[in-house]
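Which chain is which? They are A, B, C, D, E and F, in the order written, and residues in each are numbered from 1.
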């Protein structure tokens, strides 16, 4: 019976429901959402692969590829922490739902080109 | 006679819509009491339509048979109500629905639906005497068991039978499967017996039972309205008030056990009835 | 007399988690209850052979999503002690903050589920509504609602800014107010009392002999709480274990309800006394030797046994979770209760099967 | 509108859910439960956590499949009358997540039953789970040839 | 190790259990560790007023250890767990899950043993 | 013509019985039983067609019939006394003597002075009873043929004891016919004692320890009634100078003198014992150790019905007295409490026994309410109950022979094993329980006729709510089986012998059709009897609806609508494709075995077994019986005390 006050108050005030998806709350800063790799920055050092507790990353220095199994990633952000060049980051949005198996495959630019590009950027800066 | 018949027919056709609508409003208000936004009012209709379209799945054929009979009986009750028939007769026909619901549930060798069925029986054991008490009190005031005579009586019954209205409220709580007496099955299925008596009914069969439940809701509301038979407005206020109270009680109590229900519903119900009947016979 | 034999779980709407009980009933009274486990068993302790001891933090955090932070904390504390790391005080205080937030959310979650077990839907809703505030704090301060991943060996990963601290203070005030508004319902409602009082009684002696821990133990009259060991910053905070004496479901409800308020208070204390400084220190070396560490989880005493052999892979990791300890008492409580009370009694130990089975 | 149209309308507006915790760490589990609570209130979409496969249209699975629960999962799926959909929630349900290599883990839900929607996350956020259900309704729509 | 660990033998175990029970010690748990040389360490952890005491029993993998679940019902679960994970048999278990407490029939090996070779009984 | 019919109805069974006692072979026995049944049925119809009559047979076997009956009476009492002596039971001997002495006194001092009157008579009530005996009783006897063959095979008897069995069974029919056709209470008394002896012999037929003990209990309880009857003979004669029922009932409602009322009480008391009303219920419950045909006979058309027959018969004579209201309360109380007792039972025969006592209680209550409507209700319930209850007993007998148990818990899923018997049982149960069938109609009549007394209405209504529990769960569990792979009937389903199957089927049709014909039954059977003694029509029956000032019960419309629903449902269910079958919900652990109820438990497969709630803490026999008996005895004492 003591709940009466509570429920009546609920009835006569606005509901607590956030009308998602019509109403989306701004994400909190620092939310560990989708993992992204700025592949141009990545140096394929494998640090992330070695640290990943879920072992869902595969980095190939020779082929200059960076692969991630987003279905196995647990969004812990350890890889982001260990990345020496901050090429990894986490968006403040969660990964969208999907109907099919997905894989993230990123191909870095060939080494030479990249170094040149970096140099150019440095020069410009 | 024909006009009465047509009226009863119309009522029977309208009853599931009334019942469904009431259920929809019920769910919305319940949600609001819990500070939720709640489903659309028409949600019960969507549910039933969907269920009708599901694949048939039964444990045995009796499960397909029983819901139809249950629905028939429930509809018949409303029809009889519309015909302003004998209250006892309505009561007996109501039992038909209950009995077939239980038989269908027991037809499955599934412990949950079996336990649910047993508990449904306990519920019937609790609410049937209460309903009868109410009817008896009516008959004491109006001199007969006929609904027609309630209307013919010309005065609202509530002032004479206030306690009996509470007794009917008890029966209502049990029949509507509301807390604290949502014992044999409850709408939000977080119960120790899964969905109790409804566990094994699925798809179209469940839909039929749901529709039967709407008929029952309409009927019970009709019975409540008899307490203020002289004015449509009065009856409506009474119903809305009673139903709202029901919802609040549903939301401010825990579910009790069937042992408690039997003791409490029968004990309090009998005590209130005796008080009311004695008081009323002194009055006359 | 004919007996009902009934499978209770693994998929059952009142059990949030898969566990199975083969129940034997007589007129709906439990005559015997035999449990079956293994529906959540992953064998994650064994993963220490293929994940290094840093990666294991993320693994032990996922022993359970409800008490995850405290698992990681216990694990980190073990290795810190083993490897002789000197954890900064600020990190210790921050650990207290997050672990007590965990306790609040866990207890609110439990009160909700418990209410649902006896069909009190609106109480369930209200508790979970309050709990969302804690989830918001988690998300804002750690980047995730549930598995917060803030511990590392040697400290914590994130700091609390000043704004965060004041905001947490405000949120806690609201939580406290809203929780107190439920007090009369939880503590004195007739229906709640009649569903919980005298149900699933565990006497003081029984509780100890059967190895109960946490709120189950404290509800039976033992003032025992691993926080009294003074790990993290608990040695510097005012803390008194919450005790009830009746040993029934109602007492357990009361203990947890009071612990919510106690934890709110502890977070406040920690925030006001929060020292400045580093939040982590680098830890060198590899784990070697044996160690046993205990901390207090929402559900009770958690125990980690770690054996290292000077490689980056641990030799043995064993986690004794509170629910694991509370299951034998549960089995002793079940016979004689009504079927309707089975979920109430089962939930009264606040079972966490994923902790139990790992 | 014919009766089938009405029924189809109902199908899209009343997805009853049975949730099976298939060895989840509880993280995803409580997020699924949180969806029912005031802040998210999925009953807005007609979703009920019905708890009984025979009444359900959508099976929401959290957690890793292991040797003991895989038959349970299959049994539950088989007991749902069609049309039905399956949603796998969280890294564990998607692939076995961080526990993929543990000795008692079989893997993701799709190792045992067909999955229609994958909801990533560890744990998946309630919003994400709501998206998952909406997506599942799309799948149902397609299956019914309505899309 | 921060605490003292006392070594005991298999014969002392039942008596020890009785004694601890009589002293009002709570059985915190057991821990099994495979030593890799065909023997297991069984650690018995007792607690009283937040003070732990530990006892170490080293047994060969194919031995049958006496169960203390008759004295401490609380040992029931953990002894079954050890049976599951290490294939060690106990005599006198209060409720014997036969190596299937957690594991379904598919899992044949006792998974926690080094080399994971011991077949389950 | 009339004489011959009466002769055939009363004496033919005796002759057949004697013949049956001599026949050792199955074939001739069959012929005799069936022929006797057919004749009885035919004669009862013929007698009924002739309508009410009074008859004074001038001589029988060259003797004055009164003298003959008296002689037989003493012979019978001597037999009883002999049994008592053989059993070395002082109680029985005392009871025997307590009958012989008053009877001697009565015969010696009054009988010779009694004015000669019609010693045989029949009105509609008697004719109904004759019809029941002729049809239901005969069907039970025919059923007995098949049943006893199996029964003895089951017991492994070397030498058949069937001659003895059928001797008493058929004799019973004759005694019953005699009882209801007698106009002289002295004659009634003779037949009354004859049924006592027959029932004693039949209950003890199997000769087991239990059977003997129970037969002795039945004997002493009924002899208690016999003593009351014997005393009543004297009392009636002293108070009114006649022992002819027709004279006693000549002035219905005309205030009977106190002495006469006391005599009526004694007769009613005798009726209570015979009808196993509280606190004498135990003999009927114990009687179920007998072979099933005996139970069926005792419960449906003979024995207990004799008790309520007498009470109903006398009702007009004590109308309007406080005795009448107390009788009403007494009967209603029995109804309520036996319903509660039945809830506590899982033994099918006991459930049936308690239900019988309860329904007889309603009839007693109807007699006590004593209005035209209630008497009509009582008479009609007599009919409906006889048919349905006989059916149910026969079904239980058939089931027990096949599954070896009479526990309803063991009948779970019987529909797969014995589809026909299970379906018939369900039908029987539904006719006992639901509208629009007769039993419920009469309950409705009873309740509404009790309107003047809210207490009575309450008790009756509560009782009828309780009956729902034990009937429904029984019907439900019979159906509890997984769907057979193909079609409705599982392979290997049992079939009973024709001599069992046919009576069961006929009774089932009878039970259903009797419900449908209730307006007809009212008009042609009940109403004429009521109008003999009461003024004013009880019900206005038109368009298949019963209407009175208190309410309406529409039989035809209900039959039409519910029947339509039922048959539509049946068609729907029969057409269900086998692929829609699924195993029951077992929390996801079902193993998919054929029975559908096995799940994986922690230590291996376990069969999920449901069980009913028996509320043993409230409704257990041990708990309730003591209280009930005390209350019932108090009520009897009050009744008696009230008169004095």
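Structural remarks
In the analysis below, contacts are C-beta pairs under 8 Å (C-beta built on N, C-alpha and C of every residue); 3 or more make two chains touch, one makes a residue touch a chain.
Keep in mind it's a predicted model, so treat the numbers as computed, not measured.
Via touching contacts only, the remaining chains, with subunit D excluded and nothing moved, are held together as one piece. Steps from subunit B to subunit E, minimised over paths through touching chains, total 2. Ranking all chains by how far their C-alpha centres lie from the centre of subunit D, first place goes to F. In this assembly, the chain whose C-alpha centre lies farthest from subunit B is E. The two chains most heavily joined by C-beta contacts are B-F.
Remark: subunit C and subunit E have CA centroids separated by 25 Å (rounded to whole angstrom). Taking each chain's centre as the average of its CA atoms, subunit B and subunit D sit 34 Å apart. Centre-to-centre separation between subunit A and subunit C, using Cα means, comes to 29 Å. If you average the CA atoms of subunit D and of subunit E, the two centres end up 40 Å from each other. In subunit D, 20, 37-39, 41, 44, 49-54, 66, 68, 72, 76, 79, 81, 97-98, 101, 103-104, 122, 125 are the positions where the chain touches two or more neighbouring chains simultaneously. Of all residues in subunit E, those touching 2 or more other chains are 100, 102-104, 111, listed in ascending order. The set of subunit B residues touching two or more other chains comprises 31, 33-38, 55-57, 111-112, 114-115, 118, 188-190, 194, 199-200, 251-253.
Shown are all chain pairs that touch, namely A-B, A-C, A-D, B-C, B-D, B-F, C-D, C-E, C-F, D-E, D-F, E-F.
Those residues of subunit E whose C-beta lies close enough to touch subunit F in the complex are 97-98, 100.
Across the interface of their complex, subunit C is touched by residues 1-3, 21, 24, 26-29, 31-34, 43, 45, 49-50, 52, 54, 72-74, 76-78, 95, 100-104, 111-112 of subunit E.
Of all residues in subunit B, those touching subunit F in their complex are 55-62, 64-69, 71-73, 76, 79, 85-89, 92-93, 95-96, 98-99, 102-115, 117-119, 121-122, 124-125, 128-129, 132-133, 136, 139-140, 143-146, 194, 199-200, 277. The part of subunit F that touches subunit E in the complex is made up of residues 602-603. Here subunit C touches subunit E in the complex through residues 34, 37-38, 41, 43, 45-46, 81, 208-211, 224, 226, 228-229, 289-292, 294, 301, 303, 305, 307, 315-316, 318, 320, 324-325, 327-329, 331-332, 357, going by the rule given at the top.
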